[in-house]
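Presented sequentially are two complexes of subunit A, the first with subunit B as partner and the second with subunit C.
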Partner chain A sequence: MEPQYQHLYEMLSQVRGFIYPNEVDLQWGLLIVLYPYITGLVAGAFILASLERVFNVKVLKPTYQLALLTALAFLLVATMPLVSHLGHPFRAYEILMTPHSTSAMAIFGFVYLWYLMVVLLLEIWLDYRRDIVIWSQQTTGFKGRLYKILTLGVKDLSPRTVRWDDKIGYFITVVGIPSAFLLHGYVGFIFGSVKANPWWSTVLMPVIFLFSAMVSGIALVLFIYMVVTWFRRQKIDMAALDSIAKFLFYILILDFTLEGLDQIHRIYEAEESFEILSLLVHGPLFLTLFIFQILLGTLIPLISLGILQLYKPKELTRRIIYFSCSLLVLFGIFFMRWNVVIGGQLFSKSFYGFTDYKLRLAGSEGLLWALVWVILPFLILGFLLWLLPPWKKLEESTS
Partner chain B sequence: MATKGIEESRRNFIRKAAAAGGLLATGLLNPFNAILYAVEKPTDPTKHWWGFGIDIEKCIGCGRCANACKEENNVPREPFYFRNWVEQYTIKNDGSVKVESPNGGIDGFVQTVPKEDIFKAFFVPKMCNHCYKSPCVQACPVGATYETPDGVVLVDETYCIGCRYCVQACPYGCRYIHPEKNTVDKCTLCYHRISKGKTTACVEVCPTQARIFGDLNDKNGELVKFLKEHTCLVLKPHLNTGSKLYYNGLNGEVR
Partner chain C sequence: MPPQLKTLIPLFGAFIVLFLIARHFLVPVSFGELGHYRFNSIAENKEKAMNYAGKDACADCHDDKAAQLKSDVHSGLSCETCHGPGQAHTENPETVKLNKPDQRSFCGNCHSMNASRPKFMVQIELKEHNPDKKCIECHNPHQPWQLKE
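Here is the complex of A and B:
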């Protein structure tokens, strides 16, 4: 037996019931779990940012730029897991050069580029333009040169121009909200439109993906805001934190309701695939679905945050609860993606059996690569916070 | 005025009744049968429109088709890659269904269920359904998977990026990622042979003529004759894939 097939022979011994012979090799692994996870964090963080800008929720001001930079850091990495899992990564550009118009996946490239180039980069640039010009005059060395490049040669700081920056920025955020919805709803559609797979094929999939994206993005900004403030040894803005947690609570209710609706609908209709899906959730997915996603990732944060809406303990307790809830939600949504992507491939399309998924350490689908794609956005965010610190900007704009 | 109103509503009623009756009559004239799955295409009925028939009642489960396919098309020999395979269905007296396909049936089958417990047992050869509304062609992000004008679903391996979306989109499990090429691979209906007027490798070796390769546009051809003389069904018809792989003797248990 050649070593390259060893894991497949191991899989073959794990098969229960009957699966089509070609199904032994599970096609989408951990990297494809990360792809909707990371994209969701981007969409969620952006939507939180736009609450402040468009809906004028002023209390969220301290997290506005942080949320935008977080969205950018994760967006830059979002396609990496997808590209690195391809059989031919160097042919990936073909998706943009010769996209196939009927393919859900083909259009994602354009949605992604639209979001990155038109929405996020432009919005951040316009928001920081005045500061970049000022910083480019005050800073020397490498950083100063970077600022000079980032001004793109526009150094006009007249009140009229700055006002225009703000107006265009506002307009872009308004365009950005449907774009963020599109970005992640679209990722949901990539799965939801696969009619061959009854675990994926539901019209609710894009909506569920969207709301779970908002949940995870808000939790991420909450987490990063607390960590960054702690690093800077600054006092946390409790009003902002309470508001973010409130939004997290509301969206979590919506998300849980939608997912519940989807499951109730499946159970009540009990179509051809019902038996195998029932075996799936009570068997191979039990731990990741009922314990990780629903109990730890949804119910505990929901109850904790719900209690805080009625009763406000002292600040430190609240901070600890918020911090734990953000981590639990991030953990839970990761396993929501896991349950969709991996869960949808564990049962055979013959509905007569199951295969297994063994996470490998090395290799392009392995844990190590996945960790790279999880850690990289945090490093990028670190760099962005060094280059475009929101707190310096705040001081200047208030002075 | 009133009479006019009544007359008008009567006229409307007759018009509607005629339309409904017309629909009903069309329905009776064109009863819904298996061949309807292939009548929408192609636009040019003078050209080939390849399809495939499998007679489950004739299949003996020898697995020679699956083996011949691997030989002819250089399919990796490991038991995870099949363009063509055979499944053994055993329906027991208690109603439970046992399905097996060890090494795709290439090494033959051993019936493990005691004879007295068997209600029904049969073999189902499987391969690409060469759907004309195929979900894999729809899903491919770069158009590397395409349908030829004569109705065969093929893959351009110099173009495939290996994203595996088509593998997910195929409801029949007919695609795999070639372990050396890292691109998707599937049944080509032996395109290199049929375009030279030969038949497919699997048809050639079948000892019981359980496999019928043919042109759906050739109204006097073997495949159309097979469809005429048998009650044929396609797999998973509710998915509306436009499958052109027709089975005679297909049980409801087969998926």
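Here is the complex of A and C:
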């Protein structure tokens, strides 16, 4: 066989039925799965934080700052999977320099910047400003210098100015809630607006993405709160933990209902794409959709958390259940993103065939790179917790 | 005005100004001249070497083959589909020779049995249909249905 056809024939071995040439290789791999996953964690964590601030759910106080710092740590990394997916990552800034109003991705750049600069950084700064000023006076060395820079020169600690911190912070949180909805609803819109792809193209996509984001963000804060408290050898605030789990349960119901609605709608409409989508979910996506996403990631946590709403076993059992549920939900939502991103590219738009996705270990689209982007936010969070420890702040405000 | 805003507003103003300055330097020259693209890219693309000559260029010299091709079912194919890019050949016909594929597997790229191919494409089992012969021993690729003796 001539060498120019060798590669084609190798690729065709991963194809079943008829497929267009540009569909054989998946263009969006694991890194693009991570992009909506990480962005969702940010939006979810922020919405949990805003419950305490705007809706006055005082019992969540111990996790308020932790949720904000978690959102920041993950937001700083949210675009990295996208950038590292590019063939020319150093040209990524061009999307911000010459944005086109018809490009959903270009506008995302500005939605992201708005959320980072105007919402999250400001809210954290205003919330910590008083503490940063105090810490800048008490601390020396590198950390002290860092605090001095972070005060941005506003060292006024008069009650009037501190009240302003609170007022502006409250206002920003109010603006922040629709912004968080926009940030993640928008990620859903990017997929939902691809009209050529029947697996993606649904107006429910932004809403489904948003609710699954809230589910994953709340589960992440639950997980991090338990791990951080364990590391600090402190007693867990069970009232806070019970409340977070209760919110997780409610939002999980909504999320599951919406996704179910989407699927029932597809099944009832049974458009011309239905047959291939049915083959898709019963074939290549069976494990990741039915087992990972629905059974492990949704039904088991839903039933476990549901039982805990009616019957409260002793603390240790509850803690183990919450911890397992948070991990299962995080696992399930990851595979929800996987099923959307990878699933949408596995079938041919001719509706007559399938291709396969092979995850590589190394390389720019490989598992190792993806792990870097998953681990990095935890390292950033570690740094943020070292710099702006919420517990120190709590001690001071209560003393 | 609260002291926080006195600091934050100029800071955000400075950020926007810095962004606009960066944009001034980073947007490529000629971007947006005639649309949402870099206008100079057209000239740069024009300067690139041509690889394909097109069917008409082939017919200038090989009018007999072009007529044969036109008369039969392969009339929709371009010459360069089978023979490869021919620009270099049109410039130096004596020194640069094009590929004349004659392997069974080459014809099989389009004509081997595959249920998902459109029905109008003639399909055969390569292993069963005269397996010891080359396709072109019987079929003239320019006139596939004019069978050779």
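One rule holds for everything that comes next: the second predicted complex is superposed on the first by the 388 of 399 C-alpha atoms of A that agree within 3 Å, B and C clash if a C-alpha of one lies under 4 Å from a C-alpha of the other, contacts with A are read in each partner's own complex, and residues count from 1 in each chain.
To be clear about the criterion, a contact is a pair of C-beta atoms (placed from the backbone, for glycine too) under 8 Å apart; a residue touches a chain by one contact, two chains touch by 3 or more.
If you're wondering where the values come from, they're calculated on a predicted model, not measured in any experiment.
Overlap between subunit B and subunit C is detected when the two structures are superposed via subunit A. In the overlay built on the shared chain, the residue A:Asn197 is in contact with subunit B alone; subunit C does not reach it. Of the two partner chains placed around the shared chain by superposition, subunit C is the only one that A:Leu122 touches, whereas subunit B remains out of contact. Applying the stated contact rule after C-alpha superposition, one finds that A:Tyr352 touches each of subunit B and subunit C. In the superposed model, A:Glu23 lies in contact with subunit B only, and not with subunit C. In the superposed model, A:Asp165 lies in contact with subunit C only, and not with subunit B. Of the two partners subunit B and subunit C, it is B that touches the larger number of subunit A residues.
Once chain A of one complex is fitted onto chain A of the other, the partner contacts of A:Gly153 are limited to subunit C, with no touch recorded for subunit B.
In the superposition on chain A, A:His100 makes contact with both subunit B and subunit C.
In the superposition on chain A, A:Gln65 makes contact with neither subunit B nor subunit C. Subunit B runs into subunit C after superposition on chain A, and of the options 93-101, 111-119 or 129-137 the stretch responsible is 111-119.
In the superposition on chain A, the residues of subunit A contacting both subunit B and subunit C are 5, 17-18, 94, 98, 100, 352-353. Of all residues in subunit B, only 78-82, 85, 87, 97-101, 103-104, 126, 135, 137-143, 159-165, 167-177, 179, 181-184, 239, 255 touch subunit A in the complex they form. Contacts from subunit A toward subunit B in the complex involve residues 4-5, 8, 12, 17-25, 27-28, 82, 86-89, 91-92, 94-95, 98-100, 102-106, 190, 194-197, 345, 348-353.
The part of subunit A that touches subunit C in the complex is made up of residues 1-2, 5, 17-18, 93-94, 97-98, 100, 117, 122, 126, 129, 152-154, 156, 161, 164-165, 168, 352-353.
Subunit C makes touch with subunit A in their complex at residues 2-8, 11-12, 15, 22-23, 26-27, 31-32, 36, 101, 103, 105-106, 109, 116-117.
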